[in-house]
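In the two complexes that follow, chain A is the common piece, with chain B as its partner first and chain C second.
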Partner chain A sequence: MALPLYYNWRNLFVRKLSTSLTFAVVATLVLVLCVLLSFAAGIRASLAVSGWPQNVLVLKPGATAESTSIITPDEKGRVVQAPGIAHGADGKMLISEELCTQTSIPRRAGEHNMANVAVRGVDATAFGVHPEVKIIEGRRFEPGQLEVIVGKAARDRFDNLGIGGEVRLGRQGNRLYKVVGVFETGGGAFDSEIWGGRTQISDSFNRHFISSAVLRLDDAAEAAAAISYLNGPFVALESKRETEYYEDLSKTTRDIVALTTVLIAIMSIGAAFAVANTMYAAVDGRRREIAMLRTIGFGRGAIILSFVTESLLVCMTACLFGLAGAMFFSGTRQDFLSNSTWTVLAYELKITPTIALGSLGLACLVGVIGAIAPALRASRVHVIEALRKA
Partner chain B sequence: MSAADIVATSVRKVYHKDRIEIPVLDGLSLKIDAGEFVVLMGPSGSGKSTLLHLIGGLDSPTSGSIRVGEYNLERMTERELTAWRSRHVGFIFQMYHLVPVLTAAQNVELPLLLFKMSSAERRERVATALKVVGLADRTDHRPNQLSGGQEQRVAIARAIVTDPDVILADEPTGDLDAKTSEEILALLNLLNSEFNKTILMVTHDPRAASHGQRVVHLEKGVLEREERNPARPAMAAS
Partner chain C sequence: MHLRLIYLYRNLTRNKQRTLLTCAAVALPMVIYVLSTAVVSGVDAFLDNSARQLRLAVTHKASIINMLPEGYALKIKSLDPTGERLRAACGMRWIGGKMQNVTQPLSTVAVDAEEFIKAFDDFKLTETEKAAWLRDHQAIIVGRGTAAIFGWKVGDRISIRSSVPPYTSLEFHIVSTAEHAQDANTNWCHRSYYEEDLKKNIPEATQGMVSFFFVKCGSKADLDFFRVEIDKLFARTIDETKTQDEKAFMNEFITQQFDLPRNLTILSIVTVFVAVMAATNTMSMNFRDRFNEYATLKALGFGGGYVFTLIQTESLGLCLLGGIFGALMPYVAFMHTPLGRVPVPVIQHLEIRPIVCLHAIAIAAVIGLIAAVWPSVLALRLKVVAALRNLE
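Our next item is the complex of A and B:
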């Protein structure tokens, strides 16, 4: 049987300074991890590589994103001659002309601040080109009406975007649109957008050129030919597979997450060293006690277990404190301005059970790894030498 | 549990220091009857503690054999010796070696945690042990709230709580004044006479030695002489 927990618990208070330093390090680690994990969860939509391999997105050369691109009617006329374009059920070519812009609208009640939302004006063909867009509530907008449909994530994030809600769009925010439907793409970037009829949006925002065109081809294998035509001298636009476009967009975000992950890893190693340091001090201060325990019949295993337990006690309590700290800050939103779409990816510090478990897991890992070497040293204490009077 | 006898035969213990052999025990033989109270004396460095550690299974002799009751220690692994100690040997040290963060009762309870035993039974055993040493009213005190004599009593309670058959005491009164020493020795006497424990006690103090039934003198690694205490005849023989 093992040594009792209260034995370890009380020993923690013997070396208060050393214990509290380790405690602070682990609690900070947990806090940073929570921030990273909720950040990662919040931007998952933009991380998701959406799009279709048979869709080709056409932009103005040099435009980094749809919202900074303009395609003139002349250019559009040449785009439609690209090879391999598929036809919809109604016999029309599957080319979606899209107008991308953004506007600032209020967030959900209780947070009286504004944030940017992407607004996309599309025609009915858009639903053929982007079949992943599914209406989950209400209906599609009527062309020519002041009606919009909203992505599920946008509805959750902004104020008054439920069915029947109203939203001010336009250059001066002077047009009142009615929300008639909610759509979902299964985690894609569209989920954070507002879609309306292209001519209406064009009118409201006073933008007369489309931003992009998306071509749906019969087959993904034909994309290369279409792209070489579109990027060639006759059309001179910049086209990409839709999948490739989203991949590029999410790259920055992924880089940030990767960087923070490296930071967490380095912090974890540092924390493990802090734990090891504290535990070594504990072992060295208790050599006689360990020798006595071995004398009265505690085995090496019981000694190892006891020191690992002691370390876990610090790390787990520190983890709870870190989580409590994160809870305290939770609800604070950080706007993460995507530099490619110029829209805000709202990120909220939110402690979900997954995040709490993940933090506890990391804290325990740090505790065990940091305690192993000191615990082994404790188990190897030379009993007779340690018992000798000083 | 009945007391065990101790038989050490031709025990040699050699330490190595810078490749030089230092024979601490040099073919020592000693027999202690079950229920006997033997005092071990000798100059500093003569190997008294070393012998006690060998008999307690904390170390192994370089050669020779040690038997305690039915156990031949030289045939046991470290793991077996550890388990054996927890059931059959009670150690008492000069420095008490109590855990400072635990109360008297919790210190006494420690060896019982290695037993399959209900917490109610543990509590009862701890209470009994503390009563035997006269500290029933100090159960919740921490070691730093106790006097040296009281600390040693707690240590004795810890040594007897498992009801061992052998008690090994290394200068148990070395840190105590004369009056407190007398009380501790009276307690050991009680354990020997009332509870029939076999006791081997190391001491430098001739007055302490007078409590044993037999005094053996260790010098240069061998038993130099021994004397029986006429005031305390051995009762094991009867």
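Our next item is the complex of A and C:
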């Protein structure tokens, strides 16, 4: 027979200070865990929704990212023969030639220090190859005009990128482009970029080549054949699935996850000690009560269960508070300079269900570990002796 | 005094479990504090070293990826023909680099060999290393951190594939592992060697372009002077420049990658806060348990102040124990075991200075005092008669 939950609930209010301090420790732990993990989750989420399985990204062999890749016109000419390329509504092949460069733009927040923002020159085909790009405000740029469209994340994070805003681009930074539209890709990496007409961008930056070509295939299943053709001796370029490329970029997040794990592990052990301390005090203060419970027929198991439940009650409520606190940070924009593309990725801190569940799990673990030794001690209370002290 | 010490000792050992748990709950946050502070001060030390070197970084005004003509080096040097105030101007080109079958990218920079030695005298290369570096076209100075990862040593031949055009594999001969360089990750090779490769593979490519220049100045005043003068020199030319001191240049990269210093500082403040709560919890539990004792002490004639300091010193002792333990653990682990060789992002080698440990211990002491404030004030105000009446 188990003790009623109400008994535990009432007990928590007997030692208000102790309970609330333990509560605060666990809530802080959960808060820190969630915020730290949400950094990594935000970057990952952003890179995970980038790219399509049926898109193949072609780079120069040896280039580690689009920004350091150079594809010459004759190399580009050979790409069209890859098998399985889809055709757009206008009957043109869905091959997007893209030129990736970057520019320095001050951030909106903080000290307005400069960030390297990616600038991508694309043709009209790009919108067929990347159908996730949706204009949410304004219109697309006109080819041949000094006009650009900006990703939603870039607009929110960097200065003067709203519609009607002006941005200086080009090799000398002297071409004044006008922002005519804002686009969204559902949180992908493109959201941190500025897009303009390829020929214009190419001319402004004095870069007469393309960085990458993205091929959209009829079917994701054909990607393997296309990749082996493109990487083969006829074309001799390096291609991979677009999704794979972004997955590789997210590898840098492993460093933060590792660092986070170490710090959280240390903090969790500390929190478990704090919980154990409180529970020991609860047991010691209640020896007579426990003996009484034993006398009226509650078994050792019921006592152990009762103390573990009590600790879990504190930890889980604390976890909910910690999560609620972390939600305040959720959606905050941060940016991060990738060390392979050398451009910034503006991402949102995200409290994903996995993070929420993980922190609940950690809180429970801390609660159980902290309570187990005190609960065992409680179950071993010598009934007669404890009662005699009355 | 003697009595008080005995009482303090007995109090701490009375509930050993509680003392141990509290010590641990204070010690672990202190471990985090020491580790994060060590990383932050490592970054600071890195930047301070950059500041001391009296070097300017000259980049393209529009963006760091735009390149500058190598001839700018001579123009910059013409600002001071004596070579006293402006000691060297070293053109550099970032070529990144990848090892075969290794996914992790390298950081390799191709530099003007002779100017490099003058501009980077803080590398403290030996005369033999200098001679080997200047003599051999294919010489490379590797970062000691990178060397440790791949097991490289002086005399090894390595091949690195450049991440920029022409993306070819280049063979290098290691002449030094730059033991004194602040940056332990970057490798330095001859720019002429890279240029030759570029010319051979892509004849039509523009030759002689550099990513940035590092300019070594004679004094702090010269540094400030040339920072403005260099930009003035190239104003209204096709490629305008942006000149900053080395610290500002480096800081831009560091703060853009997760802003490690800021985030770790916040984290260490939070952990200290957690330790305060854990210690307060214990002290309030102790107070509740010993409510009657304090009443008895007061009844016997010990003043409120005596009881007040008794609780304060106990809390102080408890937290100091935890603090000392928490500060020593990472110190011993990182300074006296192989764990210290684990590479850390940005700073490579985590150095835990004794001063950081002392800070942690001092913070632990403050935690102890804060934790005891409420219980000791309660004890001070304790009404003897009322408290004794509650005696069981």
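As a convention for this text, the second predicted complex is superposed on the first by the 223 of 390 C-alpha atoms of A that agree within 3 Å, B and C clash if a C-alpha of one lies under 4 Å from a C-alpha of the other, contacts with A are read in each partner's own complex, and residues count from 1 in each chain.
Criterion: contacts are C-beta pairs under 8 Å (C-beta built on N, C-alpha and C of every residue); 3 or more make two chains touch, one makes a residue touch a chain.
Keep in mind the model is a prediction, meaning the values are calculated, not measured.
Student: Considering only touches as defined above, state whether A:Arg288 meets chain B (first), chain C (second), both or neither.
Tutor: Only chain B; A:Arg288 stays clear of chain C.
Student: A:Leu3 contacts which: chain B (first), chain C (second), both, neither?
Tutor: first
Student: Which partner, chain B or chain C, touches the larger number of chain A residues?
Tutor: C
Student: Name the contact category of A:Val14: first (chain B only), second (chain C only), both, or neither.
Tutor: Only chain B is touched by A:Val14; chain C is not.
Student: Is A:Arg216 touching the first partner chain B, the second partner chain C, both, or neither of them?
Tutor: neither
Student: Name the contact category of A:Thr103: first (chain B only), second (chain C only), both, or neither.
Tutor: second
Student: Based on the superposed arrangement, let me know which partner A:Val383 touches: chain B (first), chain C (second), both, or neither?
Tutor: Once the two structures are laid over each other on A, A:Val383 reaches chain B alone.
Student: Per the contact definition in the header, classify A:Arg120: touching chain B only (first), chain C only (second), both, or neither.
Tutor: So A:Arg120 meets neither chain B nor chain C here.
Student: Can you list the residues of chain A that meet both chain B and chain C?
Tutor: No residue of chain A touches both chain B and chain C.
Student: Where on chain A does chain C make contact in their complex?
Tutor: 15, 17-18, 21-22, 24-25, 28-29, 32, 36, 39, 60-64, 67-68, 70, 101-104, 113-116, 168, 170-173, 205, 248, 251, 255-256, 259, 263, 266-267, 269-271, 273-274, 276-278, 280-281, 284-285, 335-337, 339-340, 342, 344
Student: Quick check: in the complex, which residue numbers of chain B touch chain A?
Tutor: That would be residues 49, 53, 56, 58-59, 79, 82-83, 85-87, 91, 93-95, 97, 99-102, 106, 110-111, 113-116, 158 of chain B.
Student: Enumerate the contact residues on chain C facing chain A in the complex.
Tutor: 17-18, 21-22, 24-25, 27-29, 31-32, 35-36, 61-66, 96, 98, 103, 105, 161-165, 167-168, 238-240, 252-253, 255-258, 267, 270-271, 273-275, 277-278, 280-282, 284-285, 288-289, 345
Student: Where on chain A does chain B make contact in their complex?
Tutor: The touching residues are 1-4, 6-7, 10-11, 13-14, 288-289, 291-299, 383-384, 387-389.
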